[in-house]
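To keep things simple, chains are lettered A, B, C and D as they appear, and every chain counts its residues starting from 1.
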Amino acid sequence: MDSALSWLGTAEMAGEAWLRHTTPDKYTRQTLEHSNEALRPIAHDLLEAPPRGIDTALLAVVLAQSQKHIARMARLVRERNAPALSSQLDSLRADQKVVKQLADDIKPKQ
Amino acid sequence: MKKILQISLGIVTSVGGFLEIGSVMTAAQAGAAFGYQLLWAILLGTLCLIFLVEMSGRLAAVSKHTIVEAMRERFGFPFFFIVLIGMVLVAFMVLVAELGGIGLSFQILTGIGFPWWAAPVSLLVWLLMWKGTFGLIENGASLLGLVTICFIVAAIKLRPDWSSAASGLVPTMPHMDKAHYGFIAVSILGASISPYLMYFYSSGAIEDKWDESYIPINRLIAGLGMTFGGVLSMAVLVTAALALRPRGIQVDAFDQAALLTTTALPKWGFYLFAMSMLFACFGAALEISLAIAYFFAQGFGWNWSEDLEPSKDARFSLVYTIIILLAAIPLVAGIDPVKVTMVSMALTAATLPLAIVPFLFLMNDPIYMGKHRNGWLSNSVVAIVILISFVLAVISIPLQIIGG
Amino acid sequence: MEVDVELLLNTKVRDVDGKEIGRIEELHIRRDDKSCLVEAYLIGASALIERMSAWTLVRPIQRSLHSRNLYSAYRVSWQDMDLSDPLHPRLRIAKRDLRHVP
Amino acid sequence: MNLVRDVLDKKLLDREDCPMGRVDGLVMHVGERSQPRITHIRIGGSTPWMRVHPAFAKLGAKLARLWGPRRTEPVRIPWSHVVTAGRDIKLDVKARNTGALDWEIWIAEHIIERIPGGGQEEEE
C-alpha cells in the first residue's frame, strides 16, 4: 500500500511541478512513465494478495483508473497541454485520496 | 594570512567533499520514510567522521605517513592485502554509484538515459585525473560542490519545527518497519563515515607537505568542515521529511529524489538539485578513484602523486585508469545506481572495523605518533561508533535481504 | 643456508623435547657498519604486541582484566635456535630453561 | 633494533630518494655455528605473495610470465647497501639499475606513454 501511495504521490508532485514550469518536459514525462511502470507490479501484487479487510473491488478500480490518469498525463506533457493535464491531475488526486482512505482504514487493525 | 586562506580552503573542500549520492539518497530516504527520527544517525556518523578525519590529518602531519603506508608497515603484507581487498571492493562499488549519480543527474536534465552517460562521464573523470593536479581536483571539485548549500536554504524555507527536529537527534525505535529503519540507519552511518575520505585526506596532507605545525589547522578543518557537511546531510533529511513525507513519497528512485527541492525552491529547485548531485558526485568520483590508486601505490611502495605526469608514476596512473574503466561497465549495462548506492553504503558500514581498528592502533603507536598520540576520548568515541555501526549492519543487512 | 625471515614469522617453535613454545614474532638485530646480525628471536603473543608497538592500547585493557597471561614472550638467543628445518624451528634447550621477557 | 617492526615492510628509497618498493622479504644466512645475519633485502616478484599464501605466489608468477617485463625473480639487494633505517630505508643504489623499477618502466613504456598526454619517461 505504501509503495503504491509513494508512486501516486510522485506522479502528482511531478505533474504539479511541471504545471509551474519548473521541471523540463522530458524529465516529467519520464518520471510519469516511471511511476506508471512501478505501479503496475505493485498493483498486481496488491490485488493478488490484498491486505486483510480491504475493499478489493474498489482498490482494483481506483488503481486501474489512476494508472490510466498517469499515462494520459505523460502524453499531455508531450503535447504541452497544461489545462488538460491539470484536470487529469485533479482526477489523480481524487484517486489518491481513495487509496489513502483505504490504507488508513486497514492500518489501525494491524 | 596564508594560513587563513588554507583553513577556509580546507573547510570548503570538506564541505564540498562531504555530500555525494550516498549521503543524499540515504538522508532523503530517511526523511521521507521516518521524518526527523533518523537525524541521530547523521549526527553520530558526522561526529565519528570528525574524529577520524582529524586523526588522518594528524597521522600524516606527525609521522609523515599516510594511513595505508603506516598500516602496511605495522601490520605486514598479508594483513594489508586483506584490507586492500575489502576496501577496494567497497570503494569500487561506491565509485560505480557516484558515476551513476552523475549519469542520473544528466538523465533528469536531458532525458537521455544514464547508461549513455556512463562512458563519457568516466572519460571525463579519467581525463581530469590524467591531466589535472591534486590542487585542481581538491579545490575545483569542491568549490563547485558548494551548490549543495541549496539544501540548507530549502530546509530553512520549509520552516521545520525545530523542537521536533531536535528530538530526532536522540535515537529511538519506530513502531513499525524496524528492519527498514535499521537498514537506513546503517546506510547513513556508512555514507557518513567513508574510509575513502580518510585515505584521500591523509594522502592530501602528504601531497601538501604538512608538518606538526598543521595540527591546529587540521583540527579546525576537520571539525568545521565535517560539521558543515553533516548539517548539509541533515538539511537533505529535513527537506525530505517536509516535502516528500506528507505526500507519502518514498525515495526508491532518483527521479523521486529530484522532487526534493521543488517545493521549497519552486523556480530553481529542480535544476539546483541536478547541479548539486552532478558536482557532488563528480567530486566524490574523483576522490574515490584517487583514493583507490593511493591505496595500491602506498601499500606497495610505488611512486605516487597526482601532481606528477602519468609516466612518472606509471603504476599509480594505471590503477586509476583501470578502475575507472571497470566502473563504467556495470553502468553501461544498465545496473541501477540507486540500488548500488544503498548496498555499498551498508557494506561500508559492515566493513568499517576492517578499516578503522588498525587505524586506531596506529594512532596510539608511540613510534609513529610520539606525544601526539590519541587520547582516551578519541579512542572511545571512534571505537563506540564503529561498534554500533558494525552491530547494526550485521543485524539489519540480513533482515533487509530477507524482507526484500 | 638461507632462510626467508618473512616466512619464519608466525611459525611454531618446539623445544628440545618437542614441547610447544609459541610462534616466532620478532627478531632482535644488531647493526654494524656493513652487516646486520641476528641476536635473538622473540616468541609468543606479547612479542606480537611488541612488534605492533601496541602496548599503549593493550596495557590498560590488561590492567583492567588483572590478566598476566599476555606476558608470554620468550627471548631465545641465536645460539639456542636450530633453524636447520625453517618450517619447524626447534630450540637446542628445554622450555624450563627459557627466560621470560619482562 | 627490531627487525620486523623496524625494517620489514618499510619503504625503500634510492640514492635520489626515488621510491623503489617496500621490504617485502629479508634473507637470513644461518651457518652451522656462526651468528645468523641478514644478507639481502628482497623486493617484489612472488616475495610478498608467498607471505599471503603459496597459491597466490604461483598464480602471480604464472600471470607475470604471460605479460610484463621479462624478469620474474624478486630483486635482491645486499644489506651492505643500507645507508639508514629510520622512517624509510635508504639505499645507496640507483633504483633503475637494480631491477626494482622494471614493472614501473615497462608499464610506462608499454601503456602510459601510448595514451595521449601520458608524458615521456626520461632516458639517460
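Keep this in mind: contacts are C-beta pairs under 8 Å (C-beta built on N, C-alpha and C of every residue); 3 or more make two chains touch, one makes a residue touch a chain.
In this text, all values refer to a predicted model and were calculated from it rather than measured experimentally.
Count the touching C-beta pairs: is B-C or B-D ahead?
B-D
Please indicate which chain is farthest from chain B, where distance is taken between mean Cα coordinates of the chains.
Chain centre farthest from chain B's centre: C.
Please compute the C-alpha centroid of chain B, do the same for chain C, then give the distance between them in whole Å.
Here the centre of chain C sits 42 Å away from the centre of chain B.
How many angstrom lie between the CA centroids of chain B and chain D, rounded to a whole number?
34
Give, as an integer number of Å, the spacing between the C-alpha centres of chain D and chain C.
Using C-alpha averages as centres, the distance is 27 Å.
Could you give the separation in Å between the centres of chain A and chain C, each centre being the mean of its C-alpha atoms?
71
Multi-chain contacts only, two chains or more: what residues does chain D have there?
4-5, 8, 24, 51
Can you tell me which residues of chain A touch two or more of the remaining chains?
Correct list: empty.
Among the residues of chain C, which ones contact at least 2 other chains?
Answer for chain C, listing residues that touch two or more other chains: 6, 9, 52-53.
Let me make sure I understand the interfaces: which chain pairs count as touching?
A-B, B-C, B-D, C-D
Which of the residues in chain B come into contact with chain A in the complex?
Of all residues in chain B, those touching chain A are 107-111, 176, 244, 247-250, 252-253, 255-256, 258-259, 262, 266-270.
Show me the residue ranges of chain B that touch chain C in the complex, using the header's touch definition.
74-77, 360-361, 364-368, 373, 379
Where on chain C is chain B touching in the complex?
Its residues touching chain B are 6, 9, 52-54, 56-57.
Taking the touch rule as given, give the residues of chain D at its contact with chain B in the complex, in rising order.
My answer: residues 4-5, 8-12, 18-22, 24, 48, 51-52, 87, 103-105, 107-108, 111-113, 115, 117-121.
Could you list, by residue number, the parts of chain C that touch chain D in their complex?
Of all residues in chain C, those touching chain D are 1-9, 25-31, 34-39, 50-53, 78, 83.
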